[in-house]
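We just call them A, B, C and D in the order they show up, numbering each chain from 1.
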Amino acid sequence: MRIIKDKNAIIRMFHVHKRYGAKQALIDISLDVKKNEFLFVNGPSGAGKSTLLRLLYLGTSVSEGQILVDGINLARIPQSSIPYLRRKIGIIFQDYKLIHTKTVYENVALVLEAMGKKKVIIDKKVKNVLLTVGMKSRQDALPPTLSGGEQQRVAVARAIVGDPKIILADEPTGSLDSESSQAIMDLLEKYYIRGATIIIATHDKSIIKQPDAKVVELSEGRLLSNTKI
Amino acid sequence: MSHYYKRAVKDILENRFQNLVTIITIAFSVLIVSAFTLFFYNAGNIINSWKQGIRIMVYLSEGITKAQQLDTKYRFAEIPGIQASRFISKQEALELLKQQLQRQSLLLGNLKENPLPDAFEITLKPSSQNYERLEFIAKRLENLPFVDEVEYGQRWMQGVSAVVNLISITGYAFGSLFLLASVFIVANTIRLVLFSRQEEIRIMKLVGATNRFIKTPFYIEALIQGILGSLLGLIFLYVVYLFIGTYFKWGITAKTVNICFLPYDVIFVIIISGMGVGMIGGAIALKQFLKS
Amino acid sequence: MSHYYKRAVKDILENRFQNLVTIITIAFSVLIVSAFTLFFYNAGNIINSWKQGIRIMVYLSEGITKAQQLDTKYRFAEIPGIQASRFISKQEALELLKQQLQRQSLLLGNLKENPLPDAFEITLKPSSQNYERLEFIAKRLENLPFVDEVEYGQRWMQGVSAVVNLISITGYAFGSLFLLASVFIVANTIRLVLFSRQEEIRIMKLVGATNRFIKTPFYIEALIQGILGSLLGLIFLYVVYLFIGTYFKWGITAKTVNICFLPYDVIFVIIISGMGVGMIGGAIALKQFLKS
Amino acid sequence: MRIIKDKNAIIRMFHVHKRYGAKQALIDISLDVKKNEFLFVNGPSGAGKSTLLRLLYLGTSVSEGQILVDGINLARIPQSSIPYLRRKIGIIFQDYKLIHTKTVYENVALVLEAMGKKKVIIDKKVKNVLLTVGMKSRQDALPPTLSGGEQQRVAVARAIVGDPKIILADEPTGSLDSESSQAIMDLLEKYYIRGATIIIATHDKSIIKQPDAKVVELSEGRLLSNTKI
């Protein structure tokens, strides 16, 4: 199989299959995501949305097929380069994945510390992004003492604080009321306008409001359609 | 680097319970091993002082001259394994015997002349203080001119040799066992702690942290734990040592047995080992968790 | 109850890594404590055999009759602390002396008559084998009729007494230390394991499980871990014991020192203790986690 | 303060306050929930919905005020009786709270085991309820290998398996597509019809479809309205 390079595509998936044991989670997925695209991956519970995102940040590896992210073939990337790949990607996990023993501030700052940024810069950026998601006042709280929606907003803050090229958001508004929900979507749109590529996995079609967004539909591991709203 | 150090200290404070368990586990392990070391260090000293008592009596032929006697003394230098020799005249020997016999010395009261020979008392180098060497040296001494007879405490030597062997073999065997046990216990305690922090490590990896970024604070933590634990263990041992020491001195006033604490170099080695064990235990666990 | 037992076994299999760590930690702790026990058990035996050598010589006045001699022997029964007495005639004493003097025995060659007295050799009960009792008994013996003089190896006795004291104090001190350390290590390992299962315990409480329902399988687990760990530790010790034993016998063939393994009752106590420590460690941790 | 007994109320809250440190999570809440009522607690992120539910199962205790659940004063209940209180209540936690090291089947069966039910009965009930939520086929999976929606369905199964008098559901459909969502709501309605009291905390008004449901609105810890739709 030849991989055709496309200057405009930041993510390319070629006939990707993913099996968990006997379970076929993704079946023959081929998909190009352009630079600075706003993509929704839609589908019911268990369709494979999270799995698709997971493949992109090497949270798991493909069973078959190939994936290129920002020109890097994920099958060939050495173990030691994975952190650098992940720094290009901001991830909002479906289950938030906040560190329970670190404060909100520390959870968000961690991303920048891992990049080796200076303390003053970290402080400025973290406080700024916490303000944006409305969590500045809770910056010293531990995640287990936050409400579900508050945790989700911290997860969003952590995903965007490093100014990533790509943002992967897995149900980023699942625990949020419509108002907070809209605020988060607006925030993601702001990064989109700044040039980031945004991929949002969701079961909730009502949050898809962007006029220029692309929507793909997953169902039982298969890609159904490839349509704009 | 100072940044890593700060994170490590913060980590220790945040996970106080687990760190305390680790430090105290290290302390107890160090305590066990160093208590054992201390015991055998002192036992070794006592045994050595016994061994110094290993000596060979060389009885000279009757009626030799002063020159011949000196000649004999010089020839001892040719035999490897001999540390020193001391001349004991027949008069001296008789005096000694009378002292030894205590009550029975009245047996010697009616002696007209001293039938004892002149003699040399020979002490051996530490390396030659075993039964095989002793016998060999005695043979060579016997073949020297002007030497009438050689005597060495055969049965006594065998007894001491047995005890010394037993103690040192037991010492080495148990010492290695305790060391092994301690290393294992410490390493596993650290693995257990890291096991409960797997999720945290996994999340750090997902947000782009390198292995080095994740590992370094844990290593520094292990280092600090190792130092604190070892010191704590040694301090505990020292307290026990003082207690035994005073109790012991209070109970009896024998000067024959002198106990002392571990020398500085051993203490240093113990602290370094404590650190090392902590780091190795951490390294194994981290390797395991960073893979998945 | 069988339901709890099944849950415990399932739990052990599910948390294999943590259970293995706990079992091996118990094994090593048992190893340390029982190795130490074994060492002091044998050391104690050896010391006892030395102590048996503590004896008092009672020299009788010259020219006493057979009846007077017997009378003296009966009077020994009135003095508490005396185990046995043996009559040594003056002829016997001379023979012994000649043997002891070895080479110097030629000194005795020209004796016309035996100037040594008849004597009794007295051995003491174990409880009286200390310096104070010894002196006291000697005094009482001295005051008996027909007794000329009493002799007991003063200096030697002080030396042995010192060594025995040192060894037994050290033994008790280190023994308690090692026991303490092991209890602490085992209890904390279990706490650490339970710590990583806090969330599970919390969830069980939230869905309506009683404390008893949560605790019982953990107790059964601790019991099984305790038994397996103790057995493993003892087996390990036995292997080391065999190794030392053969090495020791191979090296020398002294019959003076006889080493043997721990008696059954001690083994039983060790296993029970292993179980107990596991359960107590678990109980403390569970209490702590069930509160919150 | 006198507590007026009401034969019809299964839950009574009298001037309840809840503080977390300085944070006022609930302020002067008085609320009666009738036997066999279908109640929605609505409100934005951080309003105090989860906290309100938490007070009912003694996940935390009130700072001020009194709560009666099924005639029991929660302030007076001895420590040893709490498990029996909780067995009357089926809880769907916002973060699911599944035990990660136990299979789906075991997680659900745990509730009945804790009640001391017989093995055959447990087996029948668990399989039945897993079938109802559509998770029968994944009964031997561990929760971390499930998708978000699947985990939520297991959480629902666990809450209802014990046939509780009261069901507390904290965002029971947050991770579910509208179809699965509807299925869960229908399921809860089935228990309601059978006589259970249902309280659902949600930020999502669109799931409120029951004609006879009561809705209360929470905002920054205060009870706003008490209206029927």
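Going forward, a contact is a pair of C-beta atoms (placed from the backbone, for glycine too) under 8 Å apart; a residue touches a chain by one contact, two chains touch by 3 or more.
As the structure is a computational prediction, the values presented were derived from the model and not from experiment.
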Inset, instruction - Compute the centre of every chain as the mean of its C-alpha atoms, then state which one is farthest from the centre of chain D. - result: B
Inset, instruction - Round to the nearest whole Å and give the separation of the Cα centres of chain C and chain D. - result: 62
Legend entry - Centroid spacing, where centroids are CA-atom means, of chain B and chain C in whole angstrom: 22
Inset, instruction - Report, in whole Å, the distance between the mean C-alpha point of chain A and the mean C-alpha point of chain C. - result: 67
Legend entry - Multi-partner residues of chain A (at least 2 other chains): none
Inset, instruction - Mind pulling the residue numbers of chain B that touch at least two other chains? - result: none
Inset, instruction - Could you draw the chains as nodes, link the ones that touch, and say if you get a line, ring, star, complete or other? - result: ring
Inset, instruction - Could you run through all the chain pairs that touch each other? - result: A-B, A-D, B-C, C-D
Inset, instruction - Using the touch definition up top, name the residues of chain B that touch chain A in the complex. - result: 3, 14-15, 199-200, 203-211, 213
Legend entry - For the chain D and chain C complex, residues of the former touching the latter: 57, 59, 80, 82-84, 86-87, 91, 93, 97-102, 110-111, 113-115, 119, 158, 162
Legend entry - Residues of chain C that touch chain B when the two form their complex: 17-18, 21, 24-25, 28-29, 31-32, 35-36, 39, 46, 59, 97, 102-104, 106-108, 111, 115-116, 131, 149, 151, 158-159, 161-163, 165-166, 169-170, 173-174, 177-178, 180-181, 184-185, 188-189, 191-193, 195-196, 236, 240, 243-244, 247-248, 251-252, 254, 256-257, 259
Inset, instruction - Could you please specify the touching residues of chain A with respect to chain D in the complex? - result: 20, 43-46, 49-50, 94-95, 145, 147-150, 152-153, 170-171, 174-180, 203-204, 206
